[in-house]
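Down below are the structures I want you to see.
Here chain A shows up in two complexes: once beside chain B, once beside chain C.
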Partner chain A sequence: MTEENIPQAQPEQPETPKKPVKPKKDPRAKLYKPETPLILASSPHFHTKDTVPRIMWNVVAALVPATVLALVYFQWAAVGIILTSVSSALIAEMLVNRVRGESFTIPDGSALITGLLLALTLPPSFSLGGTALGSVFAIVVGKHFFGGLGYNIFNPALLGRAFLQASFPVPMTTWTWPLTARYADVDGITAATPLGLFKFEGVTSELSGLLTGNISGSLGETSAIAILIGGIYLLIRKYADWRIPLSFLLSTFLVSGVFWLISPESYPSPVFQLFSGGLMLGAFFMATDMVTSPVTARGAWIFGAGAGFILVIIRLFGGLPEGVMYSILLMNAFTPLINRYTRPKFFGEIRA
Partner chain B sequence: MSESSQLHISTFRRGVHPDEYKDLTCHLPSQIMPLPDEVFIPLQQHIGAPCEALVEKGDTVKTGQKIADSSAFVSSPIHASITGTVAAVASFPHPLGAKVPMIHIKRDGEEDDWELLSTPENWEIAPKEELSKLVREAGIVGLGGAAFPTHVKMSPPADKPIDHFILNGCECEPFLTCDHRNMLEDTDRILKGMAIMMRMLGINQGIVGIESNKADAIATMEARVKALNLNFKIQPLKVKYPQGAEKMLIDAALGRKVPAGGLPMDVGVVVNNIATALAVYEAVFDGKPLIQRMLTVTGDAIQAPGNLTSRIGTPFQVCVDACSGLKDETSQVFMGGPMMGLVQYDLQVPTLKATSGIVCMQSSQLKNTRHYPCIQCGTCVSVCPMNLVPTRLSRQVETGKYQDCKEWGVFNCIECGSCAFVCPSGIPLVQWIRVGKVKSTEQQQKAQA
Partner chain C sequence: MSSTLSLKTEFIKGIWKENPVMASLLGLCPTLAVTNAANNGLAMGLATTFVLLSSSLMISALRNFIPHQVRIAGYIVIIATFVTVADRFLAAYFPVISASLGPYIPLIVVNCLILGRQEAFSSRNGIGRSLLDSLGMGIGFIIVLVVLGIIREILGSGSIFGIAILGDWFTPWMVMILPPGAFLTLGILIALANWYNDPSRSKERGTVS
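Let's turn to the complex of A and B:
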C-alpha cells in the first residue's frame, strides 16, 4: 500500500518506484515464500557454547595460580619477564596477521597462552631482551611458519624455549633462589635446581619445597601444587585430555622407579622425579596442548607414556639435568604418526 | 523384579546432550487438526521403489483410497488422506528441497468418507502372510524418520533368526514430543500394535526403550503392560543423543553391537518406532491405512506450540497456522528436530509419513557462525557414537582423499551430527562427511565403469 502511495505523491521522480524491483536480481528470491527469508543450512542446527576462544581463555585462567606464585616468589623479576614475554607474543601475532593479510587473531587467546607459558619456563634471572626474542620466535616460527593456529607441529612456547636454550645456554641454566627462600640473604645469588643438585652434586631436596615451589627453578615450574590446581581445573572442564598428564606422570614414575629399584644410590626416587623440574607444568599445560597432541584416546596414552620414557632417559643419562621440554617436543613430532596408527575400532567392527 | 529393572538406566558409549526444549509441548495433549483444504501427497515417501499414480486429474478419491502403488517388494503404497478431487499429478516442492511428483487433492465439502481395508477377525490366529500383506497395503513405513517399508522389516531372510523386538520410544531429538504424547494417549493401542508385529516375527521377547526424561510415559507403559498381561520389558534409557539411533538403542537395551555395515537383524533384533506400532494397530484393528500421524509443531518462533494429529500431505503452512502462526523474527524452519532436521525454504511443502515435527527457530537460537581452524582438540572423536575420527574424515574429504576416508570408515557414519554440534571451531564436520559419502560412491562407480 505504501509503495503505491509513493509514486502517486511524487510523480515527478520516476526513479523512486524502480527501487523496490531490487529482489529480482537474486534468483533465489522467488523461493522465499514467507515474509522473512529463511536461512538455509545443513543439520545439525544446534551448537554447544564452546568455542576456540573459550577454551583458550580457560587455559589462561588455569595458569593463574602458577603465575601468581611466580610473582610471589620472584617478584619484580617475574613481572618483567611475564610482561615482556606476553606483550612480545601479542605484538608478533599482530604483525604476522598484518603480513599474512588475515583478521586479527589476538582475541582467540592463543598468542597470550604462548607468551605466558614461555615466561613460566624461563629462569627468573633471564634477560628481558632474550625473553622478547624467544617469544617472537615462538609465535613467528613456532606457530605461523607452520600455518598458524591449529597447524603447528610443535608446541610454540616450547619451541621458543628450545631456541633460547640453544642460543643462550648459560643464562638459560642459571638459577636463583626465590626471594622468599631462607637462603636468599643476598639478592640474585645463583643456585642449582633440585634436579641439577642431584645430577651434578648428588644432593636431594625436600619434598615440601618441591610442592610449594620455595626452591630454585624457572618462574612457573617451582610449585607443583599451584600447577595441579590449574591442571585439575582444566581436566574437570574437559579442556585437557586427562589421559595425557596421567600417562606422562605414570610413565615417568614407573620408568624412574625401575632405575631407582636397581640402584637407589645412583638414581633419584620416582617421587622426587615427579615433583621436580618442569614435569608438572609440562604434563598439565604443554603436553595437553590440543594442537600438538593426538586426537584419539589410545594416541593420548602412547603420547604421554612416550614423553615420560624420554624424560627419564634424558634426566638420568643425558647431558642436561632436565628433559621435559625435549621429551614433549619429540613426542609432538610423533603426533601425526600416532594419529594415523591409532584409529579407534569402529562401532561393531570385527578386526581380523 | 520390575523395581530393580526400573532403577537400571542403560545407555551406549559417547554421544552428546543438547538442551531438550521438550517442556514446550510435552504436557500438551494432541489436537486433531481440522481437515486441510488441499493436500500434496508425494509418490515416494519411503526408502525403495517410487510408486506410480493410480489416479488422474479430475478423479474423485475417498479418504484412505489407494492412489499410488508399485509392484516392487521394497516399496509402500500411498493413500489419499482427504476426500476430494485430484487437481493435478505434477511436481511440487518437497521437504527434501527439490520438486518431486505429487498428487494434489482438493477437498470437496466437509465429507470425510473412508475407504477401509478388510481386517482379519482375529489377528492372533491370522496367518503371518495376511498380516504382512495388510501392513503393506496400509502403506506403513518406519515413522521414526527413515521411512523404511515396515512389511520388509517384518520379513527378515530365513538365515537371520530374530529373537528380540525393540520398540523405540527414545525420542532423543530436542523439541520433539509426539512419541511421548502417543505413549501417554494411546498406550494400549501401541502395545497391541507391538504385539501384532512380534507375532508377525514369531517372537515373544519385546523391549520398549524410553529415555528417562519421560518418566510419566515409562510409568504409564509399565502399568498398562501389567494390566494387559503382556511380558514386555520397559527399559529406561539415559537421556543422551543419539539414543534413538537404531544401533545405539540395541547396544543400550541388549548390549549387542550391530556389525559395522550391518543391520539390526544381523544381531537378531528388529527395531520399530512408537508411531509405527500405532499405525500397525490402526491397520489391523480398524482397517485404516496410514494417512495421518501425530507431529510436534514447536520452536521459539511458533506462537502456540503443540502436538497435532494431521493428515499426511498437509502443507507446513497449514500446520504452522494451526499453532497461531510464526513470530516475525523466524529465521529457520526444519522438518524434524534441530540435530538431524531438514531445513525448509518454502512452507508450501507437505508433511510426509515420516514427518515427526516442524521446528521453527528464531535467530537467537542458531549456532555461532564464527569459524576457527581445527585445533585438534579431539572433542568430535570423544563424542562420536560410531567411534570415528570426524576431524580426520572432514580433512580427507576437503582435500579430495576419498579412498582414505573410506578406510577411516566414512560409510559407518550415521550422520547424527554430534561432531558438528560440539566442534569449538564451528567446522561443519558431519556436512563434510556427507559430501565424502557421495564422492566416495561416485569414485567407486567410476572405477567400476
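Let's turn to the complex of A and C:
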C-alpha cells in the first residue's frame, strides 16, 4: 500500500457530516427512543394473550351447557341454588378484597367460577342458606386464607362442598328426580343416584340416562354430554391440560375394569363408572384447575392416574357411593410433591 | 435464672401475652379434642388448672431436693399423682362429664403445658411466684377452651352449655363438633389474635407499643 492512497480517501469524509444521509427506515428505530435508550427487562420476554380474566371467562363459557341442562332438568331449584351460590361468592370476594385492602378481583371471574362450580355439585333439594354458607366458605377459607387466587392449595369449590358434606351429611346426600323425569304415581320425589342405587341396592342404570342427564344427581353432573361439550371446548382452547382429564378417565376405566373382570356381578362395569356421578364434571372442570394441578406434563399424568385410582377405591370400598370430590382434593394435596419430583431437567443438566 | 417480673405481670402474662394455647401452642391435644361443647371445655380447663397448680406448688417446694438428672421423671410422677386425683374426683362427683371427656382426663399427664411450666418456671422460682404463674396459665387455658367450646357448640349444636339458644330454623353445622371444626376454629382464633398483636398494625394507628 502506498502513502498516496490514504490522503485521497480522507477528503471525502468531511463532506458527509454537512449533508447527513437520511438513515434508512429501520423498523427497530422506534425502540431507540432518546428517553429510553436501552430497554432492560428480565424474562419472560414472550407473552401470550391469555390473561386470568380471559381464561376464567372461557371456563364460564364452557360451563354454559351443563348449567343450561341443570336449569332445564331442575328448573326453579336450580335457579335458586345457582343464583345464591354465585351471588354469595361474589359478595364474599368483595368483602375479603375490602378487608385485605386490595383491588377488587371480581372482574377476573374466578369467584364467579367458584360459585358456579359449587352450585353444579349440589343436590337440587339443598337449602339456599347452606348453599350460601358453602360458597362463602369456599371463597374465604378455600381461597383467601391461603393468599388468594394462585396461592390456594385446594380447589375452592370442592373445599366448599367438602365443608357442606361434613356439615350437612343428610341433605347433601338427598337427591331428587329431575322435574322432567317424575312419574305421576311416584309417592315421593327423592331418588337415589345411579351410583347410590348400585352401591346400596345393586341396580345398574341405563347408559342413555347417564349421557343425557335425565337422572337424579347433583345439579350439573347428571349429563355427561353437556359436560363433554364444555370440556372439549376447554381442551381445544388449551385452557385445560388434556392430560389430566384423559389420565383421570383412563385410570378410572382401567382400575374399575380390573375389578369388573374379576367379578362382573359385584362390581359395576367401567363404562358405568365413567359416565355416572360427578366424574365428568370433576375431571374436566375441577381436576384441571390450573392453580391446584401439577404444572409438568408427567405430573399431569400422575395427578390424573392417582385421582382415578382413589376414586375407584372410594366408590367400590368406601362408605360413600361417590368419591370424585375427595379424590381430587387428595391429589390437590399431593400436587406440590408431584411438581417437585417431576421437575424437568435444565438444558444440559446431568442428574446424579 | 429466676423470674424478675412484677407479681402482677407474672399472673397476667399467661392470660394473653404468653397464653399457653394462643401464643405457645401448648396443650393442643385436649384443646382440639374436647371442645365440642362449652361444658367439656370448662371441665377440661378446670381439671388441667388444678393439676397445674398442685404440681407447681409441689415442684417449686421440692425444687432443691429433686436431683437434676432425674427431674423429668420426678415431675411426671408428681403430675400423674394429681391427674389421678382429678380423674377419680370427676368420676365420683361428675360421672356425666367424666364419661364425655373419656381418656382425655388421664391424658392430662402428657399435656405439654403442665410439664413445660414445671421445667421452665416452677423448678426455678419460689412457691408464691410459681403459683401465680400457674394460675395465670391455667386461667388463660380455661378461657381459650371455653371460648372454643362456645363457638363450636353454638354452630355445631345450636346451644350454649347444653341450653338450646337457636331455634328450629337453624340446621347445626355438624362439621363444627367434628375434628375439622376444632382445627378451623382454633386456626381462625389464633389468626385473629396474631392480627390484633401485629406491631405493624399499631403503627398505623399512630401508637407505639
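Note that in this section the second predicted complex is superposed on the first by the 290 of 352 C-alpha atoms of A that agree within 3 Å, B and C clash if a C-alpha of one lies under 4 Å from a C-alpha of the other, contacts with A are read in each partner's own complex, and residues count from 1 in each chain.
Convention: contacts are C-beta pairs under 8 Å (C-beta built on N, C-alpha and C of every residue); 3 or more make two chains touch, one makes a residue touch a chain.
Predicted, not measured: the structure shown is a model, and the values here were computed from it.
A count of residues in chain A touched by chain B and by chain C gives the higher number to B. By the touch criterion defined above, A:Glu93 reaches neither chain B nor chain C.
When the shared chain is aligned, chain C comes close enough to touch A:Pro169, but chain B does not.
Within the superposed three-chain model, A:Ser127 lies in touch with chain C and out of touch with chain B [touch as defined at top].
When the two structures are aligned on the shared chain, A:Val141 is found in touch with chain C, with no touch to chain B. In the superposition on chain A, A:Glu221 makes contact with neither chain B nor chain C. Within the superposed three-chain model, A:Glu322 lies out of touch with both chain B and chain C [touch as defined at top]. Looking at chain A, you'll find no residue that touches chain B in one structure and chain C in the other. Residue ranges of chain C in contact with chain A, taken from their complex: 171, 173-176, 178, 180, 184. Per the touch definition, chain A reaches chain B in the complex via residues 31-36, 38-48, 50-55, 108, 148-151, 238, 241, 290-297, 300, 339, 343-350.
Of all residues in chain B, only 16, 18-19, 174, 247, 251, 257-260, 262, 326, 328-334, 336, 338-348, 361, 363, 365-368, 370, 372-379, 381-382, 385-389, 391-392, 408-409, 412, 417-418, 420-426, 428, 430-431, 434 touch chain A in the complex they form.
Against chain C, in their complex, chain A makes its touches with residues 127, 129-130, 133, 141, 163, 166-169, 171.
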